[in-house]
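Here come two complexes built around chain A, the first alongside chain B, the second alongside chain C.
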Partner chain A sequence: MAITEREQRNSHSWIHSLRAAVWLEWQTRGNWTNPWLFTLYILGKPISAALVLVFMYEVVSGGKVNTMILGYLIVGAATWAFVDTVMGEFPRTVLSDREEYAMLKYVYIAPHRFITFLIGRAAPRILMAAVAFTVTLIIGVVFLKIPIHIFSINYLLLTVTMLIGFISLIGFGVAFAGLALVLKRGAWDMSTAISGALYLVTGAIFPITILPGFLKDIALVIPLTYWIELTRRAVLGYSSPGMPSGWAITLFYQIITTILVTTIAIIAYYICEHFARERGQLDRVTGN
Partner chain B sequence: MDMMDISPNQHVEGSQWRETLRLGWRTLIGRAYPRIVSAAREPDWVFYEVALPVLQVIAFGFVYKSLGRPQYTGFVVLGGAMLAFWTNVLWSMAGQLHWERQTGNLELYLMAPSSMLWILAGMAFGGMVATLFRSIVILLIGSLIFGVTYQIVSAPLLILIFILTMVALYGLGSMLASLYLMYNREVWAIQEVVQDPVSLVTGFYFPVRALGGVIGGLASVIPLTLGLDGMRQMLFPQLGQSFLPPGIEIAILCGLALLFLVGASWSLKYIEKMAKIEGRLSLKWQ
Partner chain C sequence: MTATQLYPGAPAIQTIDVRRVYKSRSGFTFGGQKAGKSVTALDGVSLTIQKGELFGLLGRNGAGKTTLIKILTTLLSPTSGEAYVDGLDVNKYVIPIRKKIAMVSGGEQSGYGILTVREQLWMFAQFYGVTSQAAHKKIDQLLEAVGLGDQANQKVYALSTGMRQRMNLCRALVSDPEILFLDEPTVGLDVEASRIVRDYVRSWMQEKPGRTVLLTTHYMFEADELCDRVAIINHGQIVAQGETDDLKKGLQEHARFQFELSEWAPAFEEELKQSRGVVSAQTMNKKGKVSVQIALENEEYITSAMQTISSAGGHVLTLRRIEPTLEEVFMRLVGNSDEDKAAGEDEV
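Entry: the complex of A and B
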């Protein structure tokens, strides 16, 4: 089937828009300082979060460290860097462009899909989080002797679960961006609030078996739970309590929950966008 | 002393002094007022400023539980309650004058007949009172969820350590508030860079002793490190893990409070001097 000129132009426009958004994000987030401070900015939070867990474990173990438990904590904290770094970027893009730079209305009426622009703005953050993820694991291996062997990592599983994980992150992020369009108060803190709740229920730093019954059920319908679990299995080679035993079934659950959450998220975004347009909130500065 | 002994000049000086004090006090109350009242008028803070830290406290509490040491959850609950103050100092004290510049209020502050120190004092007082309430709520909810029990060794010492920690901490915030005016767009990023590493080195969720003498000693520059350690010694004596004896911690906290209050005054003078030389203190989007 021949591609029409219009389809080709649309396709180029999509890529062009994504590329421009990525470039814009990189410029606005990266040009405020020298490379050293920027590196510290990328690595400071995830490494500190991982080390807090390490010292908590150090205190309770009295120096008798089980490297398997340490590995569990480090990989969970390292994977969480993606959630922490990427998810909040979507609403922050909306809010900073609307409230600080007053550019949102111009970006919105530009001839491209706004969702594409949002994804492009979040994309460099995935790269930043990937650097933080890798450095945190290297610190874990070199200084804390966690049992990760570079040749025994299941790279295929790691790549597949990461890619699906990014889709679920984008899904959550798009929904938050929609909410940021319509929320009057607390929009800046909204993603942190939801991220905090997810941190609690996704088994990032402790097995979900420790959660009360209803929270455990919630954990099992969130794709991030399976993502963190599969990353642990791919990197460490062992599973966590309370999770399906085989990697294939876990991956299946990750795919199903990702499709579910992403679909709901996109619908939620369009509903919020509709309300924002109806109420004239796209260029309304809330002052928050 | 007879009134006739006071010279007209002394009388005028005394009256000016009283007027300055009265103006300063009114400035303090005026700046503290919106911080306290906004908490009552905007109930959504309950969700963002109480529920959020509680979620974090619960998450870290579950870590101790999953590691088989639920008795340490008290450390997390107290750390979570004190974290509210650190967040307040970082975002609503240190970064405040920067936000005021962005919203155009800084010029008004600088033109006001009162000293900027009184404005900072008002910000600190209002922030402290509002955060104290939030902190108590976090402490209560966290304690109820994990069934934390406290064995108070000495209530007066506990209160003294808390007050000294607050004075030193908000002194640090006041000092940073003026120093941050030297920075612009990067303030937001600097805040983010600082927030989590400080949570690590001050031992919000574990005793700072675990970091060792050198790192713990360096981290003691941040008043929360010794403040938290001292309060934990007063509340959880059965767990041990203290970093320094309470007496020494109190002495260091007194020194820090003095240092940061003097530092705040000095840094304000320095910023005012730089503003006169460079003339860009209140310029936005530099």
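Entry: the complex of A and C
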């Protein structure tokens, strides 16, 4: 039996949707100003965050700078750009599409899984964060003399841990997007609050060994902890206190926790979506 | 019919005893109903809309129109009852239903402002799997048809309300849906923009047999002009449904006519009242124009009524039959039910 044009086009619609979502995010991110200002916007936040940490460290250390610790801070701050830009924007995408553009309901009733649209929207943000990550590291090397040698970087490990890291970021982001569908008050601040909490416990700026016992246990079930650690090992070549000593076992933990967290996150998203549809929250405008 | 099914000849839309109850933490009012912890937006709605119909759902604000559309477009789950779109259960076949439908809501400033009109439409075409080439061709056709050809490359944020609504109509149609849901599509639009939307909806229906539209509106003339059949919903219940002419006829107990006469004569009214088959007669003299409105037991008595006027010395200039409007039907049904409800509440 011949496939009709409608059937044929619908069989490919999720790919089209993904592509269109990527394109939409790129347009909404980059089309609001001229390219120079947009570049400054992409780079400004992670660089200034890294410099704040460096200045704080310099003040605390009384000017006796340890480049290894400086490297630890810079790589942690650079990696965190992915968390802020990729994960943190998932709930904001839901909220702005629903409240600002009033388009969420139309996108939602298109013949794709809404989760596909959300993942598509995240893709350009990964690219933006990658640029910020690279520039922050370059500034660290050139101006702060952190010990990164371009030929010593373990690029294979960096690539693998980054790819797995993106999966966990998308997993977290999808779960927060689900929460944004059902939450009303405070939904805009949710990602900032959660991101702040993760910043403290995942070893982004200090080793997890200084955390209280229960927080350390929490840190060890969060894939971001292993991701940041493996990024440091790939870039700097040394490990952090409190983490497994071998890169292979650390990567194994990253994979296991990523599978666990991402599975839970997707289930959580679908539960939230179910409740949002059940309660009629998909097209509400809260004014918050 | 209880099973979820897809069968040839299924109605475009079918609802069976659909109820929707909203639960809230704090009290608020919904469609005039005082709400404590729950509000019944739909209360046993049963409708069948055949393919190819332009069906109107009429009701006041908060009557339950939008809630029904949300259920049928898979935005909202019904609390109980069954709802089918093209024979597919809305609770089970969400994605297959979405391939067949599109929706436009009025009274909102929706759109990704940063995109151009063309970009926004292209993006939605992508969501529905339309190839870029086919999408651009379709976009050109649609924009020309609704008078937005010159705005194709304009940013959405720069569009007026009317233009944005026309763009939204194009957004819904760019995927060539089988069933189109229009939720008060002309609310807040000026006369010209409303006319363009109505005209295009009508021509879109005529383009391809089998296309179906469910239109909700509280503009009675709009429903009268566009719809093959209508249902009137009030407090979440369907209080009447049928072809517009049938609903009007159902309202009209007597045949009503209006004469315009050349001159005033006091005897006309009394003579007419005593004439055979005349239920009532009322003479009006307004700005020198004399007219008589009469109600007859049935239209066959019009000849004898005219003879009565002639024999009384009157000269008939014009004669027209007075048809009840959909608005009168609506007011009779909704107004009465409100009075009943109010009376009921008073009694309690």
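Please note the rule applied: the second predicted complex is superposed on the first by the 277 of 288 C-alpha atoms of A that agree within 3 Å, B and C clash if a C-alpha of one lies under 4 Å from a C-alpha of the other, contacts with A are read in each partner's own complex, and residues count from 1 in each chain.
Here is the rule we use: a residue touches a chain if its C-beta (ideal position, glycine included) is under 8 Å from a C-beta of that chain, and two chains touch if they have at least 3 such contacts.
From a predicted model like this one, the values you see are computed outputs, not experimental measurements.
In the three-chain model built by superposing on chain A, chain B fits alongside chain C with no clash.
Once the two complexes are overlaid on the shared chain, A:Ile210 sits against chain B while remaining clear of chain C. Applying the stated contact rule after C-alpha superposition, one finds that A:Ser13 touches chain C and leaves chain B untouched. Rounded to the nearest 10, the superposed model shows the Cα centres of chain B and chain C diverging by 80 degrees about the centre of chain A.
By the touch criterion defined above, A:Thr33 reaches chain B but does not reach chain C. Of the two partner chains placed by superposition, A:Lys145 touches none, neither chain B nor chain C.
Once chain A of one complex is fitted onto chain A of the other, the partner contacts of A:Ile109 are limited to chain C, with no touch recorded for chain B. After overlaying the two complexes on the shared chain, residue contacts for A:Met56 are found with chain B alone; chain C is out of touch.
Superposition on the common chain A brings chain B within a closest Cα-Cα distance of 5 Å of chain C.
Touched by chain B in one complex and by chain C in the other are residues 32 of chain A.
Listed in rising order, the residues of chain A touching chain B in the complex are 32-33, 37, 40-41, 44-45, 48-49, 51-53, 55-61, 69, 73, 100, 185-186, 189, 192-193, 196-197, 199-200, 205-207, 210-211. Against chain A, in their complex, chain B makes its touches with residues 42, 44, 47-48, 51-52, 55-56, 58-60, 62-69, 72, 102, 185-186, 189, 192-193, 195-197, 199-200, 203-207, 210-211, 241. Of all residues in chain C, only 22-23, 67, 70, 73-77, 95-96, 98-99, 101, 103, 105, 108-115, 119, 122-124, 126-131, 171, 176 touch chain A in the complex they form. The touching residues of chain A, when paired with chain C in their complex, are 6, 9-13, 16-17, 19-20, 23-24, 27-28, 31-32, 101-103, 105-113, 117, 277-280, 282-283.
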